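We call the chains A, B and C, going by the order they appear; numbering starts again at 1 in every chain.
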Amino acid sequence: MVVKGTKICVVFFLLFVAVFATVSFALSDRHDVMFAEEEQDVRKMVEECHQSCQGSQGEQQRPQCFQTCMQKRLGDRGTSRGRGDPRRPERTRRTDRQQHQSNTPYVFEDRHFTARLENEHGNVRVLQKFTDRSELFQGIEKYRVAFLEAEPQTFVVPNHWDADALIFVANGQGTITLIEENSRQSNNIKRGDLFRVPAGIPAYLINTDSNERLVLAKILHSVSVPGDLQFFSMGDGNPESSFYNAFSKEVIQAAFDASSFTFLYPKIHKFRKQGIFKKATEEQIRSMAGKEESRIWPFGERKERGTHSIYKKEPSVANENGVLHEVDSDDFPDIRDINVAISLFNITRGSMAGPFYNTKATQVLMVTNGIGSFEMACPHLSNQATRGGEINPTYERVSSELRQGTVVVIPAGHPVVIEASGEENLEVIGFGLNSDKNEWFALAGRDNVVSQWEDEAMELTFGYPASEVKRVIEKQSKKLFFKAPVRGGRAFA
Amino acid sequence: MVVKGTKICVVFFLLFVAVFATVSFALSDRHDVMFAEEEQDVRKMVEECHQSCQGSQGEQQRPQCFQTCMQKRLGDRGTSRGRGDPRRPERTRRTDRQQHQSNTPYVFEDRHFTARLENEHGNVRVLQKFTDRSELFQGIEKYRVAFLEAEPQTFVVPNHWDADALIFVANGQGTITLIEENSRQSNNIKRGDLFRVPAGIPAYLINTDSNERLVLAKILHSVSVPGDLQFFSMGDGNPESSFYNAFSKEVIQAAFDASSFTFLYPKIHKFRKQGIFKKATEEQIRSMAGKEESRIWPFGERKERGTHSIYKKEPSVANENGVLHEVDSDDFPDIRDINVAISLFNITRGSMAGPFYNTKATQVLMVTNGIGSFEMACPHLSNQATRGGEINPTYERVSSELRQGTVVVIPAGHPVVIEASGEENLEVIGFGLNSDKNEWFALAGRDNVVSQWEDEAMELTFGYPASEVKRVIEKQSKKLFFKAPVRGGRAFA
Amino acid sequence: MVVKGTKICVVFFLLFVAVFATVSFALSDRHDVMFAEEEQDVRKMVEECHQSCQGSQGEQQRPQCFQTCMQKRLGDRGTSRGRGDPRRPERTRRTDRQQHQSNTPYVFEDRHFTARLENEHGNVRVLQKFTDRSELFQGIEKYRVAFLEAEPQTFVVPNHWDADALIFVANGQGTITLIEENSRQSNNIKRGDLFRVPAGIPAYLINTDSNERLVLAKILHSVSVPGDLQFFSMGDGNPESSFYNAFSKEVIQAAFDASSFTFLYPKIHKFRKQGIFKKATEEQIRSMAGKEESRIWPFGERKERGTHSIYKKEPSVANENGVLHEVDSDDFPDIRDINVAISLFNITRGSMAGPFYNTKATQVLMVTNGIGSFEMACPHLSNQATRGGEINPTYERVSSELRQGTVVVIPAGHPVVIEASGEENLEVIGFGLNSDKNEWFALAGRDNVVSQWEDEAMELTFGYPASEVKRVIEKQSKKLFFKAPVRGGRAFA
């Protein structure tokens, strides 16, 4: 009887254990379900957030920082609006040296170019939407960045985007042709040229050179959904890649008054190479290149769409340590409506530019050549005028290595220094977004803004006699470009 | 004893079962609580999302698509920013034929006019906020669409909105009067006229005709909360419907220096018909109509607020298959600040317009008369430059029936075809939003953009000799409007 | 044996109870975890939401209102976009009298100035981001409000913001100096003056008076992240408070070509008073004040940055009950690009302004002196054109006490009345945001808009003979400013 009683209770015990296990599983299951439902890049965003907390927060603030990351996961976007946390430089650099990567949201590497289109003759890489990286970039949300590379003697099929494009030729030479209702305009382009392709205007491109790759750096300003881009082409050999294919056959045939429409649906298409980059013959190149004038169909209208060389004007600053060329809408009126200005920094090896800052524009820097680094002063989030509490202004350093293809965003007002390595010159193209009435101010060297203060202002601010302050700030005789510090073995201290 | 032991264990077993049931209920309860807390229209949004997934995604992509819908429910808006999924046309049409409804977010039917104000003399219908339908419409978030219909001899009481309005008279005739501090301006309006009512300007309207209904199609550009509209009127017989009623009585009496303020608080108000639409006598109509000139109070200022007929200028395109009238800010400077251009398509029965596309403007099409259909080429989301991965541009068809009152949004850059049915002409008014520097390009027929390509471009793109390509694309001699395909029995294939 | 069996079952029972307790705890734990993860200000937002529901909703609508608040907590922001609920005035006032606080989102008190920077010589208070208070303010998201107070003979160290500032001198006198690359411009400022500090331009300020506090009211228009502000200064004695400190020492030394950079890292810094407000000696004041002309460095460029007195032009309206001064971009072209207009109301005690409304601008009112109250007519949310259903326009009263430092937001189109108390005059500065083409219309008194209606319009709208309507609306002979109602004991009825 005891045995039976024991058996029954054992049975109950086992049942009980089974239930307990089930319940526990259900409880954790819920959690797993929530995780499973998270999209890949939200998880990535949270990872980056955690790393930033570890990197930048003191012991006290880390729990609250993690809490902010947690809320991002739960979808509470209310708290994610605001400045991100700058990084503790030492931690970042250690990670950098290990991974050749940067976790600060201001730096974009190859892996952040999330949309690509390529074949053996060329490629287009589009940087992810800025606000997908961080809410810090809401102010430049409508802008996108892209690079295009075309091998020698390559033709890019006609296409249009729902975004205004401003394009800088970083390398090589070619011919760009813009198509309109009753006209076509071709321009030869070469290294240093800027040109515009307005939204919706079909354009095609050829790399006319036999040896050099044609490299274009582009800023795109979306006109439809802010920050989103849509690409439209009439085909590349693959019927599905043409937007004509989206219409019903009867409609296309009625539109073209044709009973057959073979060239959109080629029988032998499987032998056609796919992709928007096509190899052109020398003959075809010769025929298309070199047409500087617009070919105007009878009675058509001719609009001004030209190119502008960044080297046309004298450099704004030039000394043995570097050269700065600038283009704004006074120089090139085509760019007035997209509100972008262009700066080209050529920093001699072993030299640096800055510190300087832009008053209004947020500058997107793209490294076209060389190796170097940058440092930026970032006001510390938790003490700034976005949330509660006493403003105790402190500044953290954001820094990273720079190499060809790196993209860095420097927000308005933020002081920055760009250094070239000891071995190579560093060439950086900067697109200043929202640049209307922008000015840049040097914070050291000749014409720096501190030198304009009245003596009393210097004394009251620093607590030193004005003469002593001026002695220090007026010593450096160069403007903007200086000899960089000598660094032992590493790209930055 | 065994019996007792058994009894106890049975008791335990029952207790255990009870607990298990409670726990299970608690677990599921949590889930139900979450559902119960969801607002009605979030659920609707998710429904539409699910349907779109079923309609458009291949087997492989459906789980991820459902996941996106799930995240919307959990409030993760990060993933909902971006293009929606275009629909598989067959599935959509089957649903359409069954329900006379369209699930594509680009098409708005009567049920999407979520705010209404009506009595027996007229009605105002306002289309839901665009971004309540889909995040696709962020770029036009500030714009709202509305229709007003007034029966013959109806007066609409003075009112103002916190939005700039651009109004097209789709049918009938009447008189519109705008009120300012020291002036009043009346204009007669008739079918085809456009006029502006700036934000905050009080206006009243009468349908002066004895037989015809007055029908107005409106685009509103919000000036306060983006995409939100607020309506202000001084009353319609019901004291509560006047904003004066919101102030305390003492304040109103002090403001009007009056001890009584009867006309705002009529004793016999219960006999007053309510609503902003009032029947007017013939005498009143005669008295108010026909005053083309501004009546200027002594020493007041007169601003230019006039009307402009869409028929004033020659049509942009006209042939036996259709007529296109266009108005932009060069024709009618009043519309420059709200950045909208107007197109009126009159497509003969059995004919079609397009394919064509707008380079910059997103076009909101409103069907004022007739029956037809449209097709639009939509780049496929998962392969475009908004998320990760290789761009493999493909295009899906978005299509739907069109009938009086249907509203369709055609984003910038997207090629579209509009067809009239075989029985009736189709009249469509199109408001081009964000239209500064917009152009439209034909993709077939005379002056189509492909015909501007150089021969080599045609060969390289299509893989056919240029002569053959040109033979096809130059066959159609008409411009924009063509004979539509003959369709057996259904509005579209 | 029974005893043993009983013992075992008792053991099992206890185990079971233990498990049950654990499971229950785990279930509730989940809930607590979710709560614990909520950020402080989300909870505050929800509290305010709940209070608003209680205050404004009828019995029927409260559950749905609470549901909306619940969704905010769960992070579903989709539903929080739209107008907030106006308050039932009685409930608000009862709460007000008890707490001297207002719960309506349109009124901001001292506790809403969430960022502060102060020492014994002065303080800067920055109002929270508008959209942190309510989604109602999306249209003015980019604007921020701040007050600065400086004690007599105080110097504010040079600093720049990433926002354009428009500043009104509410009290006192001083000198403002703007710094540029090759120039410096000083202007004396006094009560009633307006001046601009563009984004990124360093500026410093001194209170030159010996007795009076210098009080500035500021509107800031962010140029980087919408609605976020970043503050940059070169230091205040504390090395960490200078952005130079963010760069590595080697970089700074190389930039300044200096081996030592003592004045940034003073040894005796612990004796330096911290903070951006510094006491200046009489000598220093005398030296810096009174330099009206720009001091131009050789060959530098001089830009126009001046001040403009709001008293320069004749008042727009003036009678025994009040005075209104206005400044727009025609008067002061510097303010054209930030799209703000300024109004200064000086309402005599026992008098009131309005009702009136702005056609396009959202007006931010800041009380600089005195005590009073305001009433505003707010269209009732659930019946307006943002969600579904029949528009049945009704209006609710939003009202509150006003005292020095109170900030009130009056959206475009909304009628408002401002009353001074019986004891003191009320002085209110109003910044009209998005003010391009804005006009204000009186709704009572001389030149009110109703008086412009045609007779028939009056009859049809109110159902009374026009003569009777006109008799009432033309009785009040004053314009805009009237004698206020006499109120017994309380600031508002």
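We adopt the following convention: a contact is a pair of C-beta atoms (placed from the backbone, for glycine too) under 8 Å apart; a residue touches a chain by one contact, two chains touch by 3 or more.
Just so it is clear, the model here is predicted, and its values are computed rather than measured.
Novice: Counting residue numbers used by both copies over all numbers at the interface, does the subunit B-subunit C contact come out same (over half shared) or different (under half)?
Specialist: different
Novice: Rotation angle, subunit A onto subunit B: superpose the C-alpha atoms of these two copies and give the value as a multiple of 5 degrees.
Specialist: Between subunit A and subunit B, the superposition angle is 120 degrees.
Novice: Just give me the whole-number Å value for how far the CA centre of subunit B lies from that of subunit C.
Specialist: 34
Novice: Hey, what residues on subunit C touch two or more of the other chains?
Specialist: Expected reply: 1-2, 5, 9, 12, 16, 23, 27, 30, 74-77.
Novice: Spell out the residues on subunit A that touch subunit B in their complex, using ranges where they run on.
Specialist: The touching residues are 1, 4-5, 8-9, 12, 15-16, 19, 23, 26-27, 30, 34, 37-39, 41-42, 45, 74-77, 114-118, 124, 126, 128-129, 131-132, 144, 155, 157-158, 160-162, 177, 179-184, 198-202, 204, 222-226, 228-237, 240-248, 250-258, 261-264, 266, 272, 278, 280, 284, 287-288, 297, 337.
Novice: Spell out the part of subunit C that touches subunit B in their complex, as residue ranges.
Specialist: 1-2, 5-6, 9, 12-13, 16, 20, 23, 27, 30, 67-68, 70-71, 74-79, 81-83, 135-139, 352, 354-355, 357-360, 362, 375-379, 384-397, 411-415, 417, 419, 434, 436-439, 441-445, 447, 449-450, 452-457, 459-464, 468-469, 472-473, 475-478, 482-485, 487, 492-493
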